[in-house]
Amino acid sequence: MNNKLNEQANGVCIISATPFTDNGELDLVSTDTLTDFYLQQGVSGITILGMMGEASKLTEEESLLFMRRVLARVKGRVPVVVGVSHASHQHVKRLSDSAMEAGAAGVMLAPIPNLKTDEQISQYYLTLAEWLGRDVPICLQDFPQSTGVHTSVAVILRLIEALPQLVMLKHEDLPGLRKLSQVREQSAARGLRRISILVGNGGLFLPQEMRRGADGAMTGFAYPEMLVQVCALFQAGKPEAAEDLFDIYLPLLRHEFQFGIGLALRKETLRRRGVIRSATVRQPGPVLDGTDLRELGQLIARLELRLRDSEFGAVIS
Amino acid sequence: MNNKLNEQANGVCIISATPFTDNGELDLVSTDTLTDFYLQQGVSGITILGMMGEASKLTEEESLLFMRRVLARVKGRVPVVVGVSHASHQHVKRLSDSAMEAGAAGVMLAPIPNLKTDEQISQYYLTLAEWLGRDVPICLQDFPQSTGVHTSVAVILRLIEALPQLVMLKHEDLPGLRKLSQVREQSAARGLRRISILVGNGGLFLPQEMRRGADGAMTGFAYPEMLVQVCALFQAGKPEAAEDLFDIYLPLLRHEFQFGIGLALRKETLRRRGVIRSATVRQPGPVLDGTDLRELGQLIARLELRLRDSEFGAVIS
Amino acid sequence: MNNKLNEQANGVCIISATPFTDNGELDLVSTDTLTDFYLQQGVSGITILGMMGEASKLTEEESLLFMRRVLARVKGRVPVVVGVSHASHQHVKRLSDSAMEAGAAGVMLAPIPNLKTDEQISQYYLTLAEWLGRDVPICLQDFPQSTGVHTSVAVILRLIEALPQLVMLKHEDLPGLRKLSQVREQSAARGLRRISILVGNGGLFLPQEMRRGADGAMTGFAYPEMLVQVCALFQAGKPEAAEDLFDIYLPLLRHEFQFGIGLALRKETLRRRGVIRSATVRQPGPVLDGTDLRELGQLIARLELRLRDSEFGAVIS
Amino acid sequence: MNNKLNEQANGVCIISATPFTDNGELDLVSTDTLTDFYLQQGVSGITILGMMGEASKLTEEESLLFMRRVLARVKGRVPVVVGVSHASHQHVKRLSDSAMEAGAAGVMLAPIPNLKTDEQISQYYLTLAEWLGRDVPICLQDFPQSTGVHTSVAVILRLIEALPQLVMLKHEDLPGLRKLSQVREQSAARGLRRISILVGNGGLFLPQEMRRGADGAMTGFAYPEMLVQVCALFQAGKPEAAEDLFDIYLPLLRHEFQFGIGLALRKETLRRRGVIRSATVRQPGPVLDGTDLRELGQLIARLELRLRDSEFGAVIS
């Protein structure tokens, strides 16, 4: 894959957590180990400074520091996408420029919360694409549960047509299965470029989405190796095996899917796996109590048991 | 004006309250006096069973009873528009049929709450227009503060083009001044039918809206005579005089504009004016306390004082 | 179990669909077969006229007709809970009275959408409990994703204390696991009555909720037999077996969990199982397309395969 | 008034705009002239970096630069309150410390958007008050239309009781008249400290709020001299004269009240008054078109005419 994000992107572009120390400071050591972990699990890309990366709780200085640390660690082995969503166009532009200069492969952009109509949403992206310039590949993040913005199929198609730098859709409308099919079908019917579609929502519907035309996942589940293998199995034409594997992890994945506390569960799981040193989420944010920790432990134990009993056991652990 | 609502509608199509007795039963005697009052103030139409008519708190039987009572009292002197918004298409159809059979001039239809994209909103109206039939004139109610649905200019124009029976827009987006201008300008630029636009939001921006191309008001301010005169003065080419009159009532109008409690204030004002016997709002609903009542009294007293001192004093009281 | 709903309720109180014919009319024949089906699967109660029962799209007449049909079919074998949520207190009262007279075991009540503060929500239930009377057992439905109303633990405890007729909580806040634990712990710490807690959200977190103190489920998954057995296994002190069984159904359950289209998937599944004659959802509502139907078929086929291969195969099919 | 904000604050604490040049850079020259203007109009305080100050579109560096510039210009003549609302506790703390060190009189704090229950909202303020320390006077901003958070009377009273540093309420719930009365009455009934209450919402209900116990206004209407005089007249025991003056400005004030575009109208009015050099709002933000500008001009002309004809003419212009 070349340096820039493009329409051929597939597999797992993992949504990276942002590790903090116990007292809430950026943990750059864990940043390195986390980055190494993701690469070892076989991800084909890394997305940093997204919502689950607690981007809104970082200062601009911290964002740049973290971004440069990850890019230095990745050394171009996989593309790194940088979340640049912000209330101000100037900020989006500045962060995007910094990212691209530092070697990012592209930027991810969610709309600001108060956009309502098709026209407003289209204009938002058209305007920002002009601010950012044609050389900056854009991943459109469609996550209405968090932004409150409902980006229609018509808007997505219009933007694919108008913006050559729009190369990827992070699909996480919910429910969103039909929408994904419509984007693929209507795009093909109109002879538009086929862009990359990676799915979010913790991967809750990943197999169904792969069957409907997704190219992979862009989410942060604490067992990226499963996402990677599921995508690989789909690509190898083995959808049933992919879904069999997926189903083994589904109970835990569904648990981590919980909005809000899911981030704390994800970080705690990564900590237990030895990937980061602290599971701290910046305040205000979810804090796990004894019951939460026990419950997570039970679900992990059940997962390990099922994995061991499965045909995948050897492959995975 | 003929029996059916059409694109030429203008002036004040008053949003009628639904009078209840002190214990919350439909008050048909007050329904008659209220209807007479509206007609005496010179309204050019009456809209019943809208949101401010507490339609969602009436049984279907009560709705039909009230509707027939008003229609019988009006005797065709002005068009009566019936609100038919409902969660079920079947219900909309049934209520609309009943209304038209009973002599209504048309129906008012707001979208159900969960519509998000331009396509979804358009399809909602296109589908229902087919259910209702070409003979039923429709007033599209655009009131996002209450419905959560944002109907774009593009959607409005598409519906004007596709649906000959769409003859009126109740404009109450907020802020909505530019939207009103855009509907008028883009509609003209595309050579579409010029539909009637009546404005809501309690009339808070009536003069600015008339200057931008509105044809009148569809709201329920407890002093309809002001709305009627303001519209008449605009039609007579006297915008400054219209705005002078409007400004005298603005303090009270702004008070009644308050969402929720505004309905209780409106009914209490109508009660004080001798138009209905009880100011009761169906439960759960706002109930005025001593401070509210005193405050309303002060604002009414101030209005009367200013009216007396104004050039409009003689004309109005 | 006696005639009235009480705090000992447990197991599965199934949320009943409302069957329609292909053209959207109430299907009373399917109502009978559906009721029989639920009873055969071993549910310990039936809840009708809830949100998933499309209550807001029924006329009052239809609601009464359907309610009486179900009650007549059940013949007191299990308690029937009737959803009575409505914008008007008078309507809630009238429907509740009708239900109790016809032999319902209690009513389920969700708050109206515009309640915001703890005090407003408490007062809503306190007022309505007085309207309904002490003899009407109430199930409080806590479903903020649909109502927009966030009922705090403090409010729930206050209502348990103040209202002896509040005997059940339908817990479907999301994420809501900690909330469930807090209700149980704080209620016990304060020496309050232990009410029944049945969980919703399609059962997506049922095992975790059972471990945290839930008494069962009140949801409408199209395979009630699984819910029944999971609850029974928990009651028999076999949580791991319960969760093993649950996990087999989780892929399909998660699919049906999708808000909106989930109802269409549920009805279609019931239709395929021969329980109702038509999967029609009243308009406006979701309609499955070819891809949706194929996808559902695949998931059902996968479920059947996994069931056959499991230790539960014999027990269940 | 001493250096720190306290419960005796009254009159007008103007919400300052943040001036930008035509190309969107901070305009420090206009910052000086704007500050001078506010002081000349007799404000008793200045609030900077609030929502209408476009705080979310400034970098931290710009925020500090602007803050220091205003503080240097004010030279302690009136208290300066600094908005510090942010998604991260650390950021709130850091900005608050910087502000207090630079000579601010206190900080204004709105809740983060996802707080729902009384307990969550209380805990948010209790936690942050501890982070900030007892020496930092806090103004609680209650603005649910923008934050989505509904802070109940019970929560406000609880916080007044628990937090000596909570000295002021910026009241802008809407409708909010009864809430204001309840805070005053219940606070007195429970013998709590009487804190300062300044009202927002553009001042749309200022006279009614003063009659109900407000101490003044904290809003940014482009004619601060009116707000100052209205508050002074109320303090002088002349409520009717105060309201007479208010009513003259009401048509323009209501126009500026429009959410979103109101900020552009306010900045344009300040520009026309010669107070700032550019009316630029940072992108994405409202931009006035020809019709908007003409309309604003008409409303200003009408205001000037009415002022000239009034008894206030000489006093004001």
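A, B, C and D label the chains in the order they appear, each numbered from 1.
Just so we're on the same page, a contact is a pair of C-beta atoms (placed from the backbone, for glycine too) under 8 Å apart; a residue touches a chain by one contact, two chains touch by 3 or more.
Going by UniProt, the chains are A, B, C, D = 4-hydroxy-tetrahydrodipicolinate synthase.
Everything numeric here is computed off the predicted structure, so don't read it as measured data.
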item: Shared interface partners, meaning chains that touch subunit A and subunit D; value: B, C
item: Third chains touching both subunit D and subunit C; value: A, B
item: Interface with more contacting C-beta pairs, comparing B-D to A-B; value: B-D
item: Label of the chain whose CA centroid is most distant from the centroid of subunit A; value: B
item: Subunit B and subunit D, separation of their C-alpha mean positions in angstrom; value: 34
item: Subunit B and subunit C, separation of their C-alpha mean positions in angstrom; value: 39
item: Subunit A and subunit B, separation of their C-alpha mean positions in angstrom; value: 47
item: For subunit A, residues that touch 2 or more chains besides their own; value: 260
item: Complex contacts: residues of subunit D adjacent to subunit C; value: 116-120, 144, 150, 152-155
item: Subunit A partner contacts - residues on subunit D that touch it in the complex; value: 24, 56-60, 87-91, 112, 114, 124, 127, 260, 282-284
item: Complex contact set, residues of subunit D against subunit B; value: 174-175, 177-178, 181, 204-205, 208, 211-212, 240, 243, 247, 250-251, 254-255, 258-262, 289, 291-292, 295, 298, 302, 306
